[in-house]
Amino acid sequence: MVGGLLLVVTLLALAAGHGVVVAFDPNPLQDFCVYDTTSKVRVNGLPCKDPAAVVADDFFFSGVDAPGRGTASLRYGFTALSVQIPGLNTLGASHARVDVAPGGVFPPHYHPRASETAVVLEGSVYFGFVTSYPDNRLLARVLRRGDVFAVPQGLVHFLYNNGSEPAALYASLSSQNPGLVLVGDALFAAPLPGDLLAKTLLTDEGTVHKIRANFRRP
Amino acid sequence: MVGGLLLVVTLLALAAGHGVVVAFDPNPLQDFCVYDTTSKVRVNGLPCKDPAAVVADDFFFSGVDAPGRGTASLRYGFTALSVQIPGLNTLGASHARVDVAPGGVFPPHYHPRASETAVVLEGSVYFGFVTSYPDNRLLARVLRRGDVFAVPQGLVHFLYNNGSEPAALYASLSSQNPGLVLVGDALFAAPLPGDLLAKTLLTDEGTVHKIRANFRRP
Amino acid sequence: MVGGLLLVVTLLALAAGHGVVVAFDPNPLQDFCVYDTTSKVRVNGLPCKDPAAVVADDFFFSGVDAPGRGTASLRYGFTALSVQIPGLNTLGASHARVDVAPGGVFPPHYHPRASETAVVLEGSVYFGFVTSYPDNRLLARVLRRGDVFAVPQGLVHFLYNNGSEPAALYASLSSQNPGLVLVGDALFAAPLPGDLLAKTLLTDEGTVHKIRANFRRP
Amino acid sequence: MVGGLLLVVTLLALAAGHGVVVAFDPNPLQDFCVYDTTSKVRVNGLPCKDPAAVVADDFFFSGVDAPGRGTASLRYGFTALSVQIPGLNTLGASHARVDVAPGGVFPPHYHPRASETAVVLEGSVYFGFVTSYPDNRLLARVLRRGDVFAVPQGLVHFLYNNGSEPAALYASLSSQNPGLVLVGDALFAAPLPGDLLAKTLLTDEGTVHKIRANFRRP
Amino acid sequence: MVGGLLLVVTLLALAAGHGVVVAFDPNPLQDFCVYDTTSKVRVNGLPCKDPAAVVADDFFFSGVDAPGRGTASLRYGFTALSVQIPGLNTLGASHARVDVAPGGVFPPHYHPRASETAVVLEGSVYFGFVTSYPDNRLLARVLRRGDVFAVPQGLVHFLYNNGSEPAALYASLSSQNPGLVLVGDALFAAPLPGDLLAKTLLTDEGTVHKIRANFRRP
Amino acid sequence: MVGGLLLVVTLLALAAGHGVVVAFDPNPLQDFCVYDTTSKVRVNGLPCKDPAAVVADDFFFSGVDAPGRGTASLRYGFTALSVQIPGLNTLGASHARVDVAPGGVFPPHYHPRASETAVVLEGSVYFGFVTSYPDNRLLARVLRRGDVFAVPQGLVHFLYNNGSEPAALYASLSSQNPGLVLVGDALFAAPLPGDLLAKTLLTDEGTVHKIRANFRRP
């Protein structure tokens, strides 16, 4: 993805530490294991701070009522709530606020380690997911304020604001680090061989190069 | 809990089928296993309908933008989103909208099979949880619109609207069936021996009977 | 809980390290990961000592045949076997011996991260659990020597020795760190607002303060 | 195993239904899923009865204070508590009382789906387990009344009563169906090729046949 | 994907029953739960046949030494081993043989419920995966006969036979039903709105329609 | 096990670090957690290296096309692929190549933490497993090149090459560290009491000592 999303979603990446975010995580083995941002220990999941030093604000995040940074000038935005809430470590959940401007999309993507549900906070979006091989069925519908939609683990889904008002959603993911794979980026921002992409998209290399050029502009 | 909550929260119980609701569920073994409400099969979790008959609306719920039923006349309300969204079966998540009128509380409770996060949709609440034995630390704070707070699996937590506006939250739970135990009800609505309760609360049986009388009024 | 239990159950807290104890833990990834009590590393679960230094006594505990400390003068006692057996780390289990003097109770409590079974070693107790909302059914019976009773994960349960002999039970929990929440303590030993408690128990603040006073005496 | 154990341990097999019993089971998705012994449904785990029909006795078992059947005339005995307690389905635990007469052994065995702890109810036993390849370390010790010993998932362990009093233990396993593999039976009661066994035991086929003859006598 | 792969990979879909295939599955609760292809019961996973009727061939599959059907005339082929081996139900694993002709690709795809490893049986391929947002790093290399490569759960990966000999791999997946999402198909074979795709690929709708036309030819 | 296997399988032990290897592992919480061989941290599983330092070769292994070391002069060999591929940490899988010379066996063994499937790369073997107590059924058959056979978690299984050509298999295990217990070694290489073994094998101590003598020769 070019520009805007890259700037904005960086929040997610910073939040998630050595990877990104997921559901169906291993069960917790204590009341809480609040992420110790000062620890150098790297394990499956995140190390914990001294439980005696834990305070209420370790479980707190503010700002879901406002659009994510950058979304004024962009067509979409993202505010991730994963280890921005250090207390979410071991709790098997993370969240994000997603904003999509009129005509904007949150492009097809999936979470390799989580299922997702989202509730519309304002506006209206066309929201759907695609089932796996060989059906590739599209299960989609228009959502309005107060509507909820669920997406199974790992399936490709997208948001499209084809209305005239800004749309905002609050998404819940079933892992502290579900991960995010933007399908377009996986194909075009990574240096896959051009002829591989041409064979994948059943097209010619020229078309591939034309598309790729746009992914490479900062 | 008497009256209002009982009427309103019945939604949750109906939704949850043969028990109530949880996080850290077993991983799914197919794209989806949409709850088949016509099946007589009883297993850990819920049986699935024919995947060819699955439609987008199996993953859809509407109405989170409005207070739960009964909350106009009551001090709190609850709209559960568990198997009201049949597609949530096997996805390891459920949700609820909680409304608390000014001066109202959602009384101390816990979810035996899930962690929880909640975002404030409107109003303001004092939200907290209590750590386990022997510390019984209270980790709590006032939340306002757009604030998020997380509660570890199985810990007692509560909401108190000590402001002057109605408050509404959207809660996310890490199981399709987290279960709900209202601590007051577990003590006083269930027929525990009076002297056991007196010893538990370090008080006399008269006090126990006086409290219990209120729990038994419909 | 005042006095006695507090002194005695401290064993459990010390045993469990940075939290307390549970079942359905993550699977082990090696033969054993014996708790290294000298390590400063804090993760979900506990760090392991060098496997070459592991000895049989790391899997051993002695004393379940005698009442827990303090129970001579008190009405109940508790000997926890969690990381007192360092080898239990990653094995998905912990244990406790519970003693209840005649007329004594082990008050309503639950384990946020485990199911439990208990066998009566001696004496007789009334043992039960309460189902979750909205049923709050009491499933209970008198147990005698050699009887076993099971409690589902996270449900409130209690012991009441209404006989004339001391009772002792050996409890098995489905986590290395199931956690213990004494329901009375969660309400009255933690600093919850008095009016919240009054609304919770459907009573007046005076009654709440009267009860709370007893929980605050050391 | 010949004779006695076969007769007695049949309890375990009957109890466990289509297989035998283990720890680290999938998490429960409702308060309880009490085994419905009348259902024809076969799934991973066991089907549940109508929760409205569940009673306290579904969680109850009696008789752990007495030796298992057959142990008067035999050198060892076994009383399994798995789905003899129908409520244990989905709770991630099972139990057994094991009796070993003086001079008797509970021969080397393991549980393919569970870790185990055992407490000595009476008498004294030599109890140990063997670590996995390539160390094959023996971690063992003599246990007396009130002693507890833990065995990691899937490792070979045994009991030897080399004292002069009957010994009894109460074992806890981390699965509702841990399974039991008696190592001697797996080698000699199953029809493995004789030359395979000879190569396995680094001995001649005559020795294999001599040993096997005893396993085949009823 | 057009033509060849569709015909050949149908094996996988048929094999996987009501969805497709995955790793990190729930633990088994009995020795085995062999898929009962005659059962009408639909649950998370698959129902089991009577264990007494289980035979060795329930755990057997033949033909991994030969290319998958259709691969003589096509550029790639696939032989899935999931519930073609009914005994794999509950075992947390599935497999596939993949054939790629010289110049052929197994296009970018991922498994929503499994990690994967693959060993090259013959020939040579360029094999890689792309990390998640925001890095989109390509980790790839040429593999030759006897080489093994691992792919984390849910990440996009691909095979490209840019040599002159047919290549064949044997893939192992960490679920009985990992699922398969061909990224190109999810975008172009499903009926996503054309302008959504144009915005996703940072291109014009004409390019989208040109690509899509090829995905729609049978 | 004497000589050859001991030398060769040492690879497995070195690979597996502080224990050996298994399936049904805890879910990953990031894209990857590549084993950091320089870390001193010991936890359930293995510590991770800096994700920025991860390269494609962390997921790579070479040499499955050739017999394991030592097998030229021996009757069997083993090449383990566990943390020899550091990227397998958290991926829930490991592998091994097994070679069995004509007349050779890979003796009865089991994996305490994994199910297994194996595909025959060349030659022919008699492959089977034994069900748990009380059935001890043998499910076995001859496998030829391209045949696959599956073994449930924790059950005793074996390979016997009773043909005239070398046989080679590629095994997949459902854990990064399944563990290996050679049943003969667990009985005879560990220092179990001789009379315990005699009672276990229903034979005399002389026979036990004769067998054990061969296990003790280096």
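Observations on the model:
Lettered A, B, C, D, E and F in written order, each chain numbered from 1.
By definition in this document, a contact is a pair of C-beta atoms (placed from the backbone, for glycine too) under 8 Å apart; a residue touches a chain by one contact, two chains touch by 3 or more.
Chain labels with UniProt names: A, B, C, D, E, F = Germin-like protein.
Predicted model, so just to flag it, every value in this text is computed and none were measured.
If you take subunit A (Germin-like protein) and subunit D (Germin-like protein) together, the chains in touch with both are B, C, E, F.
Number of steps on the shortest path from subunit A (Germin-like protein) to subunit F (Germin-like protein), with steps defined by chain touch: 1. Looking at C-D alongside C-F, one finds more C-beta pairs in contact between the chains of C-D. Mostly identical positions are employed by subunit E (Germin-like protein) and subunit F (Germin-like protein) in their mutual contact, as over half of the interface residue numbers are shared between these two copies. Chain centres here are means of the Cα atoms, and by that rule the chain farthest away from subunit D (Germin-like protein) is A. Centre-to-centre spacing of subunit B (Germin-like protein) and subunit C (Germin-like protein) amounts to 24 Å, using the average Cα coordinate of each chain. Between subunit B (Germin-like protein) and subunit E (Germin-like protein), the centres computed from C-alpha atoms are 40 Å apart.
Taking the mean of the C-alpha atoms as each chain's centre, subunit A (Germin-like protein) and subunit B (Germin-like protein) sit 27 Å apart. Residues of subunit D (Germin-like protein) found to touch two or more other chains are 19-20, 24-28, 31-32, 41, 43, 45, 90, 112-113, 128, 132, 152-153, 155, 179.
Counting only pairs that meet the touch rule, the chains in contact are A-B, A-C, A-E, A-F, B-C, B-D, B-E, C-D, C-F, D-E, D-F, E-F.
Subunit D (Germin-like protein) makes touch with subunit E (Germin-like protein) in their complex at residues 16-20, 22, 24-26, 41-46, 112-113, 175-177, 179.
Across the complex, subunit A (Germin-like protein) is touched by residues 2, 6, 9-10, 12-13, 19-20, 24, 104-105, 107-113, 126, 128, 130, 132-138, 152-156, 158, 160, 162, 179-193, 196, 199-203, 207, 210-211, 214-215 of subunit E (Germin-like protein). Within the complex formed with subunit D (Germin-like protein), the subunit C (Germin-like protein) residues making contact are 23-28, 31-32, 54-57, 59-66, 81, 85, 87-88, 90-93, 95, 115, 117, 119, 121, 128-129, 131-132, 139-141, 143-153, 155, 170, 172, 174.
Contact residues of subunit A (Germin-like protein) toward subunit C (Germin-like protein) in the complex are 26-33, 36, 39, 41, 43, 45, 47-51, 89-90.
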